[in-house]
Amino acid sequence: MCRWLAYSGSPIALADLLYKPEHSLIDQSRHARLGVETTNGDGCGVGWYPDTSGGTGPGEVEPEPAIFHATGPAWSDRNLLELSRCVRSPLFLAHIRASTGTAVQQSNCHPFRYGQWLWMHNGAIHEFPALKRDLALAVDPLLYPFVEGSTDSELMFYVALSLGLQDDAPLAVERMIGLIEDVGERRGVPNPLQMTVAVSDGSRLWAFRYSSEHNSRSLFFSTDVRTLRALHPEIPVLHEVADGTRIVVSEPLGDLAGAWNQVPESSYGVVGNGHGALHALTPRKP
Amino acid sequence: MCRWLAYSGSPIALADLLYKPEHSLIDQSRHARLGVETTNGDGCGVGWYPDTSGGTGPGEVEPEPAIFHATGPAWSDRNLLELSRCVRSPLFLAHIRASTGTAVQQSNCHPFRYGQWLWMHNGAIHEFPALKRDLALAVDPLLYPFVEGSTDSELMFYVALSLGLQDDAPLAVERMIGLIEDVGERRGVPNPLQMTVAVSDGSRLWAFRYSSEHNSRSLFFSTDVRTLRALHPEIPVLHEVADGTRIVVSEPLGDLAGAWNQVPESSYGVVGNGHGALHALTPRKP
Amino acid sequence: MCRWLAYSGSPIALADLLYKPEHSLIDQSRHARLGVETTNGDGCGVGWYPDTSGGTGPGEVEPEPAIFHATGPAWSDRNLLELSRCVRSPLFLAHIRASTGTAVQQSNCHPFRYGQWLWMHNGAIHEFPALKRDLALAVDPLLYPFVEGSTDSELMFYVALSLGLQDDAPLAVERMIGLIEDVGERRGVPNPLQMTVAVSDGSRLWAFRYSSEHNSRSLFFSTDVRTLRALHPEIPVLHEVADGTRIVVSEPLGDLAGAWNQVPESSYGVVGNGHGALHALTPRKP
Amino acid sequence: MCRWLAYSGSPIALADLLYKPEHSLIDQSRHARLGVETTNGDGCGVGWYPDTSGGTGPGEVEPEPAIFHATGPAWSDRNLLELSRCVRSPLFLAHIRASTGTAVQQSNCHPFRYGQWLWMHNGAIHEFPALKRDLALAVDPLLYPFVEGSTDSELMFYVALSLGLQDDAPLAVERMIGLIEDVGERRGVPNPLQMTVAVSDGSRLWAFRYSSEHNSRSLFFSTDVRTLRALHPEIPVLHEVADGTRIVVSEPLGDLAGAWNQVPESSYGVVGNGHGALHALTPRKP
């Protein structure tokens, strides 16, 4: 199990959200409250899309999002702190990992990247070793060599890509869920899937909440920046961001109620271009 | 012994210089030609000053330079590649390390930082264990707690800071050299110092070349951007940078002659505000 | 703050004690109960003296204890698990670290070693940056170059070595405590020291408990192997070890009462050659 | 490409072979002479079978070989040095890695282990991304979940296990070679395989040399301990080991001729129970 945060809105320094809130993601790495594990110390990562609001200047322009992956706990990672203070982005994903068994290594750190796409996951595929080969076979042979790590999370990403993520993200995730449910059924694994997932192509951000037993890990989104500002005085940057700014988190960044709305069971939200929406999520078996 | 590169000029992505040249710093980590060691695989680091040319946007503005330190070889460090592609800076220092005995750990990676200042070093203090305590005692007691690692290089930085680096950098380095020569003499260590050093406060960049026996490690600077452009077609960004742009390197980034000038023995160069100059370096004993 | 375990008795595999107990040291790395921090994820280490009971065979005989230091959390360190299962020792020290501010790096991992001696520490020197230089000056100039890391714990070791640890361990520790109290007084730092320390020369094992305010971190020792056997059925090796076997721990390895005795405030225990004893600890100012 | 060493004979400390020879494996990590790369700095590993010659004492007896994997260069790994000095073994495999593209992470370090078996590899499967999925499909579904890393080398191990390694090692390796040749042919990859491989079950040690183009990486074995003793005075332990002791290496441990015999193209050697033999290696297509 893990914790994650996704941001979409006015470009801000990553540190404004990752370090400054009362119950920030970095704080959650040592003291998560809503997770299965209180400690998320098995690596961390951020992925961010470039801030092109100030022009680009000389030299190359990177179309791909950038990623940073580290194997140590987020709370003591000095490089993460440094880059979070100097990197400014309008859309970024951050993740702290609590391994459910697979190795602690950079290639198992979220977010995962393929071209323009970023993906991160909290949860697990139950009895993953028993289902892994079937899921690997569901990956498009052309995509197969890009699977670098050994996690269920990354394999879910490549299954979703193979099922059309780049064309219709919610549909592909519904198919991915359906496939995992189907494989679980065939292999005799009840309730195989537990997930909250964030995925982005750089312009939109989707956040999914689902579990086979309809008892999913927590997922919250911010609806109104004005409420966030009032509830989080320790995050001064909130006073400068545009009204359409949205934050999606595994668990709220502070104690006060009102700013954070729970994403309902079996549903997903989409954020981008200044507006957001919630939809039902329907598994689609193969 | 190590290899390093310092850049001052138009803001560019770090990767343009660190990865693209034929004989780039990253290439030198595995195949240095002019160094005592061909392999510089004991850690790496970059330090960079922010590019404020495009305005700063919402949120905090960091006055300090940022640093990235990693303990593995530069050639396989994916985080270094990622950040080098997305970070743009008008003044940065990059370093690949070949340890002369001290531990391979982030706190021993260059560049070192104190407030606005960055410092990196190639070379060694000979018989450092025999001289270390005397040098540590020469560090201002208020600065002493900031020494984090165990290298000669970092201790040289704090000795120079204690001797006035922030007021007059060349004078402080001359005093630091004089102190090391003096301590070496008192402890019976002949020719105690071998160094090329780069130091910056964010507006100026100084590069020093010195050794007790007047047989110093190599150090080169670029004088004319137009020549650089002609000799390094594999670095397209050179066509976009301003004419005052300067690069200082432990060894040239390519084979062709003409673009790279050797810094003379016992001298230093200073770059900034569009012009540069070379001066003699005179050790000043305490 | 940290957690540690020290063992003296019949040679056993390290894993028997580090992994098998209900509330083992490895379990404590994620879920400490009596510590200031529940998470001890900032590195780990073990130091062990060789088992010479079976003869030595061909090749070199190492007189020094061996050490293993890792920067990641103990709970996910595969090398620690591997070596704990294959290394057998009659006297070993194990430590999991929760940094009080200094860098997470191997040279800051306990136990520290000097020649035949091992040292590990739980606690802190308060306002260490303010006292560090004075303590460093108290280290014998011949020992000074051996200080490799940046922790208060290692510096305490070298101060104790400078004050005669190898001649009379308890006396040297009393002098070290007195010196730290004295330096704290001179620098205006009230209650400067908080410590439990284990130290060994390979034949004896000392465990010290002290704090300036007489409110020290917890420290327990096992008195009777027969009670331990009854209370820890999950540690089968206890049935095979000699009666003089002793374990000293920051916190007990299980819930049941009876097997673990608290070391009193301001006192120390010594174990070795089949017997143990408790003594009062009297700080001795310089 | 990589370098490796395998030892079978009287129990010795690993350090006697890994560190003491003039051109030791650790020295080869920085200065290989016969390899494609002079630097092998992308991780290292050792696997060893326990020395049971002195009895086992109290506590558990581990039937499996132990492994140590590290991601940094061997030359600066202090844990490798420590354990090499204290671990004594009659049969061990040691490996230094130069990645051919896959990630530098512990799960990609050799030797790989499955139950009683250890496997390590020098070489590459050419255009591995194009062949990887076909090879993964050839792994027995029951073994598939045990593949942890992303290298060609580990996948070869699991293909060989799936083709009967535990029943008849040379036959399984011949089948594995045949399968890779067949997959290469079907996918249009000429000369897909380059390998030297060491494999052991704890009693026997096999060393294979093969490449599709019959131009394989170097592989040497020691035939006569008396010659080794004369040529390697810097390895004193050779004077104490039994006459049947054998060493197999990617490149010789010293300059002098006479002690090291090249394993012929397309052949393999087997060592164990005091005798050794060389055989031809015949690829067997599926």
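We just call them A, B, C and D in the order they show up, numbering each chain from 1.
Going forward, a contact is a pair of C-beta atoms (placed from the backbone, for glycine too) under 8 Å apart; a residue touches a chain by one contact, two chains touch by 3 or more.
Note that the structure is a prediction, hence the values are computed from the model and not measured.
Peer 1: Chain by chain, through touching neighbours only, how many steps does the shortest route from subunit A to subunit C take?
Peer 2: Shortest path length, in steps: 1.
Peer 1: Compute the rotation angle for the C-alpha superposition of subunit A onto subunit D, expressed as a multiple of 5 degrees.
Peer 2: The rotation relating subunit A to subunit D comes to 180 degrees.
Peer 1: Look at the interfaces B-C and C-D and say which one is made up of more C-beta pairs in contact.
Peer 2: C-D
Peer 1: Based only on mean CA positions, could you tell me how far subunit B sits from subunit C in angstrom?
Peer 2: 40
Peer 1: How many angstrom lie between the centres of subunit C and subunit D, each centre taken as the mean Cα position?
Peer 2: Going by mean C-alpha positions, subunit C sits 38 Å from subunit D.
Peer 1: Hey, what residues on subunit D touch two or more of the other chains?
Peer 2: Residues 78, 103, 106.
Peer 1: Testing understanding: with touching defined as stated, what is the shape of the graph linking the protein chains, line, ring, star, complete or other?
Peer 2: Topology of touching chains reads as complete, every chain touching all others.
Peer 1: For the complex, which residues does subunit C have touching subunit A?
Peer 2: Listed in rising order, the residues are 30, 38-39, 41-42, 71-73, 76, 78, 99, 103-104.
Peer 1: Any idea which subunit A residues touch subunit D in the complex?
Peer 2: Against subunit D, subunit A makes touches at 102-103, 105-107, 128-130, 132-133, 136-137, 141, 144-145, 147-150.
Peer 1: Could you list, by residue number, the parts of subunit A that touch subunit B in their complex?
Peer 2: Those residues of subunit A that touch subunit B are 10-13, 15-16, 48, 50-51, 53-55, 57-60, 62, 66-70, 78-79, 82-83, 85-88, 106, 236-237, 240-241.
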